[in-house]
Structure formats: C-alpha cells, structure tokens
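Two complexes follow with chain A in common, the first pairing it with chain B and the second with chain C.
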Partner chain A sequence: MQPIVTKELTKKFGTFIATNAITFEVKEGEIFGFLGANGAGKTTAMRMLCGLLRPSSGEAKVAGFDVYKQADRIKQNIGYMSQRFSLYEDLKVKENIRFYGGIYGLSNNTIKEKTKQLLQKLQMEAEADQLVSALPLGWKQKLAFSVAILHDPSIVFLDEPTGGVDPVTRRQFWDLIYEAAGRGVTVFVTTHYMDEAEYCDRISIMVDGRIQALDTPRQLKAQFQAESMDDVFLKLARGK
Partner chain B sequence: MRQFFVFARKEFYHIFRDKRTLLILFGMPIVQIVLFGFAITNEIKNAEIAVLDQSRDYYSNRLVQQLQAGSYFKIDQELQSHQAIEAAFKEGRIKMVVVIPPKFGESFFHLHKAQVQLLADAGDPNTATTLINYARAIIGNYQQELNGPQSMPLTINTTVRMQYNPALKSVFLFVPGVMTLILLLVSAMMTSITIAREKELGTMEILLVSPLPPAMIVTGKVVPYIVLSFINALVILGMGIWLFGMPIKGSIVLLLLECALFVLTSLGLGILISTVTDKQQTAMMASMMGLLMPTVLLSGFIFPVESMPLPLRLLSNIMPAKWFIIILKDIMLKGSGLREVWPQSLVLCGMTLLFVTISIRKFKIRLS
Partner chain C sequence: MRTIFFILQKEFLQIFRNRGMMAIIFLIPIVQLLVLSNAANYEVRNLAIDVVDQDHSAWSQRLVNKLTASGYFKLHRQTFNEKAAFEDLQLDKADIVLMIPRHFERDLVREDKASLQLLVNAINGSKAGLANGYTNNIIRSFNQNIRTEWLALDGRNGPAVIEVTYSNWFNTRLDYKVFMVPGIIVVLVTMIGAFLSGMNIVKEKEIGTIEQLNVTPIRKHHFILGKLIPFWIVALFELALGLLVGKLVFHLPMAGSLWLVFLFAAVYLWVMLGMGLLISTFTETQQQAMFIAWFFVIIFILMSGLFTPVENMPHWAQVLTWFNPIAYFVKVIRMVLLKGSGWANIQIYLLIMLAYAVVMNGIAIWNYRKIT
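Entry: the complex of A and B
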C-alpha cells in the first residue's frame, strides 16, 4: 500500500483553481520533495492531504484513509511541521514535548521515555528546562521536527521546514530527516531551497496548480538538460 | 479527557508566564474598583461655598449655620458685595454662592415671604444640580423649623426615601458596573486574543492537524479563562461587600449562577471575534472599540439608559452588559429572585446561544 495516492485532486476557490487535477504517488520510506513557486498550489495540496481542506474533486488516500471521509484517521497517522514554528515559545522544551505527546494521546510513561530519548539524540538534555524562546533557530527546528514525529506517524509533512537557517544547520536538519526515512517514515517536504531538492529521493515541481515534472533529481536534470535543480526549476517556472 | 487537561495546563502556562496578561487579569479589576469606588464619585462632600449675607440678622445667621452643619458644605468665604461673587467663582474653588438679601428675617415674618438666591457653577452641571438640591433641602428644613408645627395650614409635605440605596452611594452603581466590565473584558478580550495568537504564530495549524477535535481546541483554550473570570467576579464581589459595604440581599447562589451565565455570554462573543480576526492586534482593537466602548457608554453603567434618545435606547438592548447590570442590581440591592430576573437571564441565554452558533458556523467555513 502506498502511503500517499492522489488522482486528479483539484481545489477551486470560486473561479480560481489552486490545484488542478494533480495525480501522484509517494512510496513508503521515500523522501518526496514538493517544489513550486509561491502561489503555485503547494500549500493547498498539502492542506488537502492533511485533512485541513476539503478537495473540490478528485481522489486522495493518505496512509490508506480517504481524505473526504476519514480525515480523523489521517490526522492520527501523520505528523506535521510548518514553516512557522510548531513550538510554543513561552513553554519550556520539556513542556512542549509533553504537550504534543499529550494531545496525540500518548501515556505519561511513554512521554517521559520519549522525552529522554529525544533530548539525548538532540544533545539538548541541559536545555530541557529552558524556554523555547531562548534556543537558537536551528535547534528550534530540529526540536520541532522531533516533536512532529514523537507519536511515530507513518507519514510526516514538512512545510518549508528550514526557512532562514544557514546551510550547515540545514544539513544537520536533513540528517534527522534521513534517519526518520531510514526507519520507514515517509517524508513529504515542500521547500524553496534547490540544494535541498537534491537531497530528496523524488521531486515534483508545480507550476500554476499543475504538476509539470515528477522524477528523481538526476532524471529531471537529464530530461531538462540542466546543470542543477536550480536550472530545472527556472526552465519550468518561466514556461520553457 | 486527558487531552483536555494537557491542553488546559498549557493554557495556564501561557497565562502565568505573560506579565501583561496577568496584569489585565488581576491588576485591572482591583485598580478599577478602587478608582470607581473612591476617586470617581458623584457624592458631594465638603463642597466649598461662599455666602453673601446682606441681612446679617439672627435668622440669616442661623440659616448659614444650618448650611454648614452637615458634611455637605464648607463655607470658604464670606463675601461683602455682589461684585465679589464673580471673582469668587473665577478663583475656581467655590462651587456655589448663597445670597441672602437684606432684611431676611423681617420679610419672612412680616411679608410671609423671604428670598434666598443660590448661584451654582454649572460648568459641571451634575455637581451644580446636586449642590442646589442639597441646599434647597436644608433651606426647606429651616423654613419648617421657623414656621413651627402650627402655621401654614395648607402644605404638602413630601417625605423622600431613596429606596434600596438610602445614602445614594454611587459605589452601589459602580460595583455591578465594574464587575460587568471586567468579566466582559477578561472573557471576551482575553479569549479572542489568545485564539488569535495561536493563529498568528501558526500553532493553530498544528493543532488543527492533530487529532484534537476543533471543539476541544476551543474549550481547552476557553476553560482556563472561565475559571479565572469567575475568581475575578468573586474578588470584585468581596471588595464590594467588605470595602464598600455593598449589600447582597438576594440569593448568593443565584448571583453566582448569573455571573457564570454572563461569563459564557462574553466568551461566546470572544470566540466570535476570534473567528473573524487572525491577528492579536485586531482582536484587541475589535474588543476595545467594538465591545468596551459601547458597553461603557450604552449599558447604563455611567449614563442612564432611560434618558437616552430612542435609537440609542434600542441599541442598548443588544448590549449583553445592560441586562447583566440589571440582574446584578436587582439581586444585590432589591433582593430579587429568579422570578423577577428571568426575562433578563433569558436574553443572556439567547445571546450566548446565538454567538456560539455563529462561531461554530464560521469555524466550519474556515476549515473547508
């Protein structure tokens, strides 16, 4: 069973078509990059897959559940991290972890155990009782990602997760993503950074609500006779 | 249920770690009630007046003494001429001048008619009216005293009793008013701000993606404020009773239930505001301008509704605060029970239902 399957998925706002009949599949444990200029329809597509937005037409299944009828089941099985922070700045690191564990229904013992593991992995044991607002940006993002997969979802959606951090921190962030994918978690990520696109197993590029290209980074570069993903993207976005 | 407690605990962290929120929650009610109770008052005490006594006989002297006798007036100056009146007012201290014309006692007993002129500084009309009324009452008493019991066969004796608030204490009006204002402010403004904050910071999205049902998100955010609002209501009531001697003649249980009802109405309003705004600033402005101002002006808290022109009187009916103030005053001062205040309570129930229904509909539209 594929974690994400869509067929002709469409969302209209009045006469404006935000996502126009997109069809794609994401494989288990895959890192799937979702690229596109601002306003190309990425966020709309992602919101439909997360059960936040009802599609106008078409089909989609996430983690085997229908986006129309089983949005609640989908929510149980996915993690989500947005471009803006998913963490509460005025809560301590520990309290944030406990809060998100709590709303996903984890038991107190599980939360305690997971908190310990998580802090150890991120080497943040010393900061457990600090307010999130006191942490550097890169740390916050790593923490936000770890919190998003705290309840062991089968799919995690990342909406421009690495905005505003330096390449080194971004690389460290991707190590976390690889590690999660290695454990079988499917990663669906939107990004602006073309160097990040290269880290994905497969990428799709959206232009004006449609998916214009979908393949591995290597294949795409070959197909468009481009040096880098940057070139591929520019060629597509400019309309050839 | 566990999810709910996790959520509510998070909300308490937000509240107790934000000094501004704490100040609004607990500082403001106390400051307001003290301000309204002690400083801003309609009562007159020791108002400074001047006397121009051109008669200077036994009877005029006694009249002046009578004026001074109570705690209402303090004679600041004895004027010597009419010209001095203008100058005395201009100094600004004097609020009223009593002019007693020559031969006061003589004309009273021989012509059966004496005159006293009262001049008040009507720059502040309310104070002027109150001063004149006090002075008239004192002069009236004096007149009866002079007449003795036997004279003047045909008179109508008016005895006045200020029912429910014999001492005309303005604090009796201000305690229910401030309580209403604070509950409205805390419940409506704070909840609309706290929900708008989640939207502004982007955490609302995370919550909506989580398995929490939207209704639980809203209740989880609102319940801590219900608890705190209720504590606030108790504090204000306590201050009213022990600091200002406000009576509670009716049932205290009913009073608290009505408080709870009004808290719910205000929360409904707050949630409604938050469904139409995405920014904390907007939520705050909407609550301040759209809620507080009209409430202060139209609820009968400061200006009596009865003396407003018809359009404003009609408008005042949509203020939840107006109904709550009536309920509070009736229960506290008149000792009314549910039999008397059920119409107002019903209005509040209806409003609550309306706000919540609209909010739910708006919330759903946003999601789809």
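Entry: the complex of A and C
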C-alpha cells in the first residue's frame, strides 16, 4: 500500500484554482520533495493531504485513509511540522514534549521514555527545563521535528522546515530526516532550497497549480539538460 | 478525557507562567472592587449651594443653618446679590441657588405663608434631582418645626400633618456600597469569562499553534472544553475572592445561600465562555476579539441594571434586558445576598441561563471548524 495516493486532486477558491487536478503517488520510506514557486499551490495540496482543507474534487488517500471521510484517522497516523513555529514558547522543552505526546494518546511511561531518548539524540538534556523561547531557531526547528514524529507516524509532512536556518543546522536537520526515513517513515517535504532538493529521493515541481515534473533529481537534470536542480527549477518556473 | 487533562495542564502552566495574567487574575480585581465600589456612589454630598438672602432675618438665617448642618450642602456663597449667584451657576461653581426674598420673615409670621425660590443646575440630571429632593425635604422639615413651635406658643390649630415613616428593608441604612459591590463582582467575573477565554483561543491562531493542533487527533469538544474549563475555574475563584473582599472590606451582607450564588455563576459563566468562544471563531487577532467582546460587554453592563435601574429604561430597552445575561446575574446576586432569596425565587433565572448557555455554546461549536 502506498502511503500517499492522489488522483485529480483539485482545490478551488472561488474561480481561482489553487491546485489543479494533481495526480501522484509517494512510496513507503521515501523522501518526497514537493517544490514550486510561492503561490504554486504546494501548501494547499499539503493542507488537503493533512485533512486541514477539504478538496473541491478528486481523490486522495493518506496512510490508506480517505481525506474526505477519514480525516481523523489520517491525523492519528501523520506528523506535521509547518513553516510557522509550532511549539509553545512559554512552555519548557519537556512540557512541550509531554503535551504533544499526551494529545496523541501516548502513555505516561512512553512519554517519559521518549522524552529521554529525544533529548539525548538532540543533545539537549541540559535544556530540558528551559523555556522554548530561550532556544536558538535551529534548535527549535530540530525539536519541533522530533516532536512531530514523537508518536511514530508512518508519514511526516514538513512545510518548509528549514526556512531561516543556518547551513550547518540545516545539514543536521536533514540528518534527522534521513534517520527517520531509514526507520521507514515516509517524508513529504516542501522547500525552496535547491541543495535540499538534491537530498530527496524523488521530486515533484508544481507550476501554477499543476505538477509539471516528477522524478528523481538525477532523471530531472537529465530530462531538462540542466547542471543542477536550480537550473531545472528555473527552466520550469519560467518556461511557460 | 485524557486529552482534556493534557490540554488543561498546558493551559494552567501557561496561565501561571504569565505575569500579566496573574495580575489580571489576582491584583486588578481587588483594586477594581475597592475603587469602583467606593466611587460608584449615588449619594450626593457636598453640593455647593449659593444662598441669596435678601431678607437677612433670624428665620432666614435659621433656614440656612439647617441646610448646611444637614451635611449634604456646602455653603459656597451667601450674598444679597442674585447676579453673583447666577454667575456661580453659570460657571459650575454652584449646584444650587436658594433665593430667600425680602419680607420672608414678615410674610411667614404675619400671613403664615412665604415663598422661596430654588434654582438647580440640571446638567447632571440625577444629581439635580437629588439636590432638589434634599432641599425640599429640609425646607419641609424646617416648615414643620416652625409650625410645632407656634402651635406651642398660641395654641392655634395647625394644619393636619400626615407623617409618612420609612423603613428600608434589606439595606437598612441605604448603603450604596452594599448595593454596588455584588454588581461589581459580577462585572469582574464576566470580564474573565468573556475576554480571557476568547483571547486565549485567538492567541493560538495568532502564533500559529492552532494549525499544529488541528493536525493532531484532538477532537473539537476536547479542544473547546480544554480551553474553556480553565477560565471557568479562574472565574469562579474570582467570585470567591470578590465575595471575600466584599465581606471583609465592605461588610457585604450574605443573607442567602452562597452555594446558590456559585451555582448560578457556574451556569452563567458558560454563557460568557460561549460568547468568548463564538467571538474567537470569527476573529483572527487578539485585538479583534478584545474589541468585539468589549462592545458587547459594555452594552450588557450599561443595560444590566447595575448602575441605573432597569425600570427606568424605555420599554424597548427593558425588553432587551431579557436577553442580557449580565442583567440576570446582577439581579440574582443582589436577591440572594441582600434579600436572602432562595432556590424557589431564582429557579426560573437559572433555567433561562441554562438555555442561554446551551444556545450560545451550540452556535459557537457549530461555527468552530477544524477543517476549512
């Protein structure tokens, strides 16, 4: 079973078509890059897949559940991290972990254990009792990602997770993503950084609400006779 | 259930970590109670009075003394010259001018009747009404004193006087604080319910965490209960604090059962929390939520009978108070605390509040969507 399957998925806002009949599949354990210029319809598509937005037409299944009828089941099985910071700044690091663990229904023991593991992995044991507002942005993003996969979802959606983060931290962030993918978590990620696009197994590029290209980075570069993903993106985004 | 518990834990952590919030909960209510209860006072004292005494007789002087001795008036000017008095009235230096015409004493003694003129600065209608009332009362009693004295002197038959004696029930000394404090407590509790709950939910929208919560399996009713219950508890605590301060500082009588007050407040608060929730569903920022809540709460307070009796309002406004939750609570808390009203008396109001709470929360929940 494919973790994400869409068919002709469309979202209209009045007469504006934000996402125009997109069809694609994401394989299990894959890092799927979802690229496109601002306003191309990436966020709309992602919100529909997460059950935050009702599609106008078309079909989509996430983790085997229908986005129209089983949004609640989908939510139990996905993790989500948005470009807007999603942790509570006025709560301590471990209080945030406890809260999100709790609302996903983890038992107290599991929460305790996972908190320990997570802090160890991020090397943040010393910061467990600090308010999140006191952490540097890169740390916050790494923490947010770890919290988003705390309940072991089969799919995690990342909406421009590394916006505004320095290159070193971005690299560390991608290590976390690889590690999760290695454990079989499917990663669906949007980004504007083309070097990050190279890290993905497959990439789709959206232009004006449609998917214009979908393949591995290597194939795309060959197809568009481009040196880098940057060139591929520019050719597609400009070449109307 | 467990989900609600985690949300409650988070909310309380955030409330108690927020210094501003702590001040709003613990400090501001006490200050407001002390200040407002002392300031919102209908008794008018120290009215500035100008006496234009053109008679200058023993009797006119006696009248003036009687007025100033009452404690309600402060003699601002005593003069022959009416122009000076009119000027004081113009410049707002005098609230009231008493004109004692020439031959006041002569007319009084010879003809057994005399006239006085009273000019009242009526820019503030209720103050003017009270000033007029006080003065008339004092003059009437002055009149009676004279009659009694003369009666004793020459045994003539004075006019029959029907004396009305008053007895003020439930607030024997007509203490306005006793009347105001319960109402101010209602306002405090209302503020917590209507403002903080709505603003709290909108804050999650503002900082973007609502998006994160919406992709979790939190159910709509878990989220709503988790958000409203903390302020329900805080507001009930506020009520207890208000009553305690009322008792200790203002010697607020508590004739009826406190349990009834709390029971009513517990239901009433769901109306206010529901209102806050409803407002939060169609606002995007805390400022918007604040202004809309403020708009309604101010209208509710001014039309609640807290400051001006509902019976004084025009008919259409009285009809509107049937839909005013604050009016019910103000009425009930005064009934129970001052009059000792029991279950039978407030039952109907409690039922109305219950219906109101169900409708208000129903609309709010219907309007609140996780999916757009």
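What we mean here is this: the second predicted complex is superposed on the first by the 239 of 240 C-alpha atoms of A that agree within 3 Å, B and C clash if a C-alpha of one lies under 4 Å from a C-alpha of the other, contacts with A are read in each partner's own complex, and residues count from 1 in each chain.
Methods note: a residue touches a chain if its C-beta (ideal position, glycine included) is under 8 Å from a C-beta of that chain, and two chains touch if they have at least 3 such contacts.
As the structure is a computational prediction, the values presented were derived from the model and not from experiment.
Because the two structures share chain A, they can be overlaid on it, and in that overlay chain B clashes with chain C. Touch criterion met: A:86 reaches chain B and chain C at once. In the superposition on chain A, contact of A:37 is made with neither chain B nor chain C.
By the touch criterion defined above, A:54 lies against chain B and chain C together after alignment on the C-alpha atoms of chain A.
In the three-chain superposition model, chain A touches both chain B and chain C at residues 50-54, 72, 75-76, 78, 80, 82, 84-91, 95, 98-100, 102-105, 157. Partner chain A is touched in their complex by these residues of chain C: 2-3, 5-7, 9-10, 13-14, 17-18, 207-209, 211-219, 370-372.
Taken in their complex, chain B has these residues touching chain A: 2-3, 6-7, 9-10, 13-14, 17-18, 201-203, 205-212, 367-368. On the chain A side of its complex with chain B, the touching residues are 50-54, 72, 75-76, 78, 80-91, 95, 98-100, 102-105, 157. Of all residues in chain A, those touching chain C in their complex are 50-54, 71-72, 75-76, 78, 80, 82, 84-91, 95, 98-100, 102-105, 157.
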